[in-house]
Every structure is written in C-alpha cells, then in structure tokens.
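Take a look at these structures.
Across the two complexes that follow, chain A remains constant while its partner is chain B and subsequently chain C.
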Partner chain A sequence: MAGSLIKIDEEIVTSAVASVTLTGINSTYDVYMVRFSDVTLNATDSLQLQFTTSGTPDTSANYDLALKFFKANTTFTNEAAPNLTQADFSSITTSGFYNGVIYCFNFNNASEYSFITFEEVHFDGTNTEGKQGGMVHTVAQVCDGVHFKLNGANNISSGQFVLYGLNK
Partner chain B sequence: MAVGNLEFIKSASGTTVSSLSVTDCFSADYDVYQVVIDNDNAGNNDLYIRVINNSGTVISTGSKYDYANLELNASTGFTQNKNAGFNEFRGIGYQALEGAGTIATFYNPYVSSSYTFATSQTASMYTTSSYFRGGKSIGVYKNADTITGLEINAPSSNFSYINVSVYGVK
Partner chain C sequence: MTEQQALAQATQEIEDAKPLFKQVNNERLEFNDADYTQAIEDRKNSLLNDYNFGYIQKRQEAYGSVQDQLDMQYWDNVNGTTTWQDHVAQVKADNPKPQ
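Up next, the complex of A and B:
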C-alpha cells in the first residue's frame, strides 16, 4: 500500500566510515524498520548493533539476545546471552556482504524496554550464514535510533542503511 | 523528512501449474524487495526457487546457490536443512496441503556487482490434523550478475493455486 513505509533517515556509505547511526525514532510511529544492504568492510571484522539515546550509542551491558545462527555449510547453532554490550552479526572478510532487516518496538516508550527482531544474511567470503532472532535493552528509557559499528578498529567500506516508520 | 515506500511492482498467479515464473520484477529502481508467496498444493514440500537473469535464463546449473532453513514443526520438532553450492534455493517457502504463506526479502538482485541474498519467513499447514510448519531461511545466489525475476517450482504435485506479489522497498 502506498505510503505505508515512511523513510526517516538514510546513510549510503561510499567511502570508509567507522560506524553508521540512524536516528529519528519518536512518537510518530509505533514500529520502525531498518534495512541494511550490500554492506562491505575494509578488513575482516564483525558488524555490530547498539541502540541510541539522544543520538548516542548506548554501550551499557544491558542487551539480552537470543538467535538462531543459520549456516549453509554446517550445523546451525543457537546464541543466547544476557547483559551484552551489543548484537554481533558475525565476521566477514573483504569479499563478504551483509544484508538484513530489523524491526524496532517500544523505542519511544520511557517506561518500557526497547525490543528488536532481526533477520540477517551474510556471505563471509567463503560461506553463507545468517542470524535471525531478537534482542531487548533492559533499561526503561527512550531510544531514538540504532548504531552500526564494527568489533575491531576497521571501517565499513560501502552499504546502504535506511530507517523507516511503519505508518499507522 | 524524505518519504519512502513499500511500492507494489507486480503480481503473478497460476492454477494447476507446477511452476510459476515472475519475470521483470527486479530492476534498477530498488535494491531490496519483498516477495509474498501464497500457495496451496496437494503435496507437502519445500518450494524450489531459481533466479532468472536479464537474458531471461533460469539459472539451474553452476552450483551457485547456498541456502539454510529451519523447519519449525509443531508436531515433530525442528529440522535443519542446508546446502552449499546447489542449483536452486530450497525452503524459501513451502508448498502445503492446507496452504502456505511466505514473506521473502531479496537483496541486491539487480546489482551486477553483488550477490543476490534472501531471507524468509513461512507459515504453512500440512494436513488438517494439526501439522503446522513454520519456516525461517537464508540464501545466497553466489554470482554477481543481473537478476530480473524468479522461477518458483513445486517439486511434488501441482499448485492448486499460487499467487506471488513483489514490492520494492524504496
């Protein structure tokens, strides 16, 4: 339906950056969607995700996560842990790509936790893998966006990162 | 504030067919697509999906597909299925006796410098005796070429009906 997915923020990476922050989540919509596509790195590293408060990444160890790790070449695994400092989408080489979609719930509610569900697929340079699951930030506060970073001191070489609101 | 959209591109449908091609649904206008597949079939199985390139060729050789999917069976537990270097995607959607619905996201199909990636979620009903099967999957077509469509195949029996709608994520 036309007009049902409203673009809020976008960053198209064409030269190396250490991180990408998308902001603009507020009371306008109840649910927000983030897509990231064709993301490449300048060295072997892992793409990671945190929420933002007032545009600043929340780095506190308050993220609880559970997911299924799909692998085309071997047995799938589970990942589940409380009190993390971020979600980690696993490492790729410079020949790899990340793509995925994230839904954000309750981000603008100061009296509730912020949740996400996500589905992600990547080619790590050799193998095809993907993670599907969810994460919650166990602090009752307003979050206004998401922050993509790398585990190491490397850069995102290219990619598209877009934040949408789901019209209501 | 920029305005974006989930924009309808096209739909295709068939009745009493074993295969449905959705052609010219991917273009330079979008990088990411949502594909909605709704079908009913006398046989229960995975959907077998192959990509179609900009020459109209269905890619069914070359061992360029990787996939991994998890069957969430309500009655018999969960099952992992996977293949690397295969000739089609399997499990990006199911065919099922009492119907199946799939939402699949395809990433970068038309970008000739990148691979074509997919994720999906499926709900289906195998029989009338409480055999719900959900599914989650990932896949990559590992060839950097220009993909313009999909061929969706029923490996067992014909589709009683199949409806496919493709949306671009602007």
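Up next, the complex of A and C:
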C-alpha cells in the first residue's frame, strides 16, 4: 500500500546498553525513517549518531553536519562543522529524555553520499530543547543502518528505536 | 590537553565503565575488544574536541540574542555606559580559548 511505513527493525532498551544499532537498510525502499522515543540515560551525557556499513558503525571523520539548536529558555544557535565522527543530539541529565525522527536517503547507493535529515526534541533535565538539521557522510559507499551511542562512558537506560521503510 | 592525556583519560573512563553492552538484532551483547578500542578512540576524540572547540558553543550561548545585545548597545549609547562591552568581555573571560 502506497504511503505506508514498513517496520524493518526495532530495538527496545530495557537493560542498560552503551549503544544501539538499527540495520536492514537496502534497496527495497528509496527512503527510510528512524524513530527514537523516550530515550533516557543513566548519567548526564549526549546521544550521538553514526551510519553503519555491513552492520558496523562508520567512525571515520567524514560526517558534515549543519543544524539549528532551539532552546525554550534562550535564543537559538547554529551549529555547523565538516569532518565530524558523529552527530550529537546535545546533553541531558538522568531526568531528561530524547524523542526524534530521522529520514535516511541514498544509503543503498554506492556511487553517492548517504545523508539524513533529522528533527529531535529533548528535555535536558531543566529545559526543553530541540535540534533540526542534516548530516552528509561524504563517502560514496553503501550504508545499511544507523548506530546510536553516547559521548561518554555511560549507558542508555531505556528507549525505543525503530527503523521503517517508506513504502513507494 | 594533549592527545596522550586525552587517550589516558578516555581509557580510564572506559575501563571504569566496564562491562559495556551493545544492543543489535534484539540481542544485548557485551562489547568485544574492537568495540572497546573504538569506544576509547571515540571518547578520546570527543575530549579533544570539547577541549579545543567547546568554548565556541559556550560563548554563543552566553552572548545572548542579537536583539538583547543591540538593546545593550542602544542604552550604552544613551547613558554613556559600557554594559555590552563588559558583557562580551565577561563571556570571553568565563569561556577562555585554550592555549
């Protein structure tokens, strides 16, 4: 059925893990969507994102990122940088949480760069904030998923991570 | 902070946090050696990045909006004060650029 979301992978975190990987992006769909919701951490830290190749996170410094950082309590800021090793969704405390949606394009195309657009909102423990932007992996290669990790040596306590294909 | 200092701190943090787990294909698995090595490398890079460039983000947040800064400059002009200049100097002093 046109316009449907087809669930491909789902990871529900109920015991602490340092990373979560969603895989299964291939040639079946042109565009994939990732939803992460109610993600909480066991210590103050920030959720980060990388792409995977053959199920392994690509940690090379080839991610170009640009975003708006919205803050309910103060003015917004711009963030932009080339050659990063990941996207960073900003720091939250143990009473905070993340919710967000990511669209994945060109992941299965070996001759073009993979890129994402994303929008996420988080409560950092004190204020509500959000990030909206995009990230390009400037290597022409096939990517097959996304990898969530933390900046520090801490854990994701709970959360739901789901990968969908957007049915043509 | 040197790369060696960052590596030492990252290694210690990951060692202290062991065991770490990953969730993939609905399985919760302990990190293998390669995962731990990569976690240390990632943490080291993050520490160096925060040290070298963290002040930029902190300054951006502390400066306040352009509107507020223009308002400060307007009232400085009217009253002959240096509120805006003092504010910017304070933000820079509070968030120094690493040597």
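Definition applied: the second predicted complex is superposed on the first by the 165 of 168 C-alpha atoms of A that agree within 3 Å, B and C clash if a C-alpha of one lies under 4 Å from a C-alpha of the other, contacts with A are read in each partner's own complex, and residues count from 1 in each chain.
Throughout what follows, a contact is a pair of C-beta atoms (placed from the backbone, for glycine too) under 8 Å apart; a residue touches a chain by one contact, two chains touch by 3 or more.
The structure displayed is predicted, hence computed values, not measured ones.
Once the two complexes are overlaid through chain A, chain B and chain C fit side by side, free of any clash as defined at the top of the document. The angle formed at chain A by the C-alpha centres of chain B and chain C is 100 degrees to the nearest 10.
Of the two partner chains placed by the overlay, chain B and chain C both lie in contact with A:Thr75.
Of the two partners chain B and chain C, it is B that touches the larger number of chain A residues. When the two complexes are overlaid on their common chain A, residue A:Ser95 makes contact with neither chain B nor chain C. After overlaying the two complexes on the shared chain, residue contacts for A:Asn83 are found with neither chain B nor chain C.
In the overlay built on the shared chain, the residue A:Ser54 is in contact with neither chain B nor chain C.
With both structures placed on the common chain, the touch criterion links A:Ala153 to chain C but leaves chain B unconnected.
In the superposition on chain A, no contact is made by A:Thr138 with either chain B or chain C.
Superposition on chain A places chain B within reach of chain C only down to 10 Å, the least C-alpha distance between them. Put simply, chain A uses residues 10, 74-75 to touch chain B in one complex and chain C in the other.
Of all residues in chain C, those touching chain A in their complex are 13-14, 16-17, 20-26, 28, 31, 35, 38-39, 41-43, 45-46, 57, 60-61, 64-65, 68. Those residues of chain B whose C-beta lies close enough to touch chain A in the complex are 1-8, 31-32, 66-70, 80, 82-84, 105, 107-108, 111, 114-115, 117-119, 121, 136-140, 142, 169-170.
Considering their complex, residues 1-8, 10, 24, 35, 37-38, 68, 70-76, 97, 99-101, 119-123, 127-130, 132, 160, 162, 164 of chain A touch chain B. Interface residues of chain A, counted against chain C in their complex, comprise 9-11, 13, 15-21, 23, 55, 57, 59, 61, 74-75, 77, 79, 85-86, 149, 151-155.
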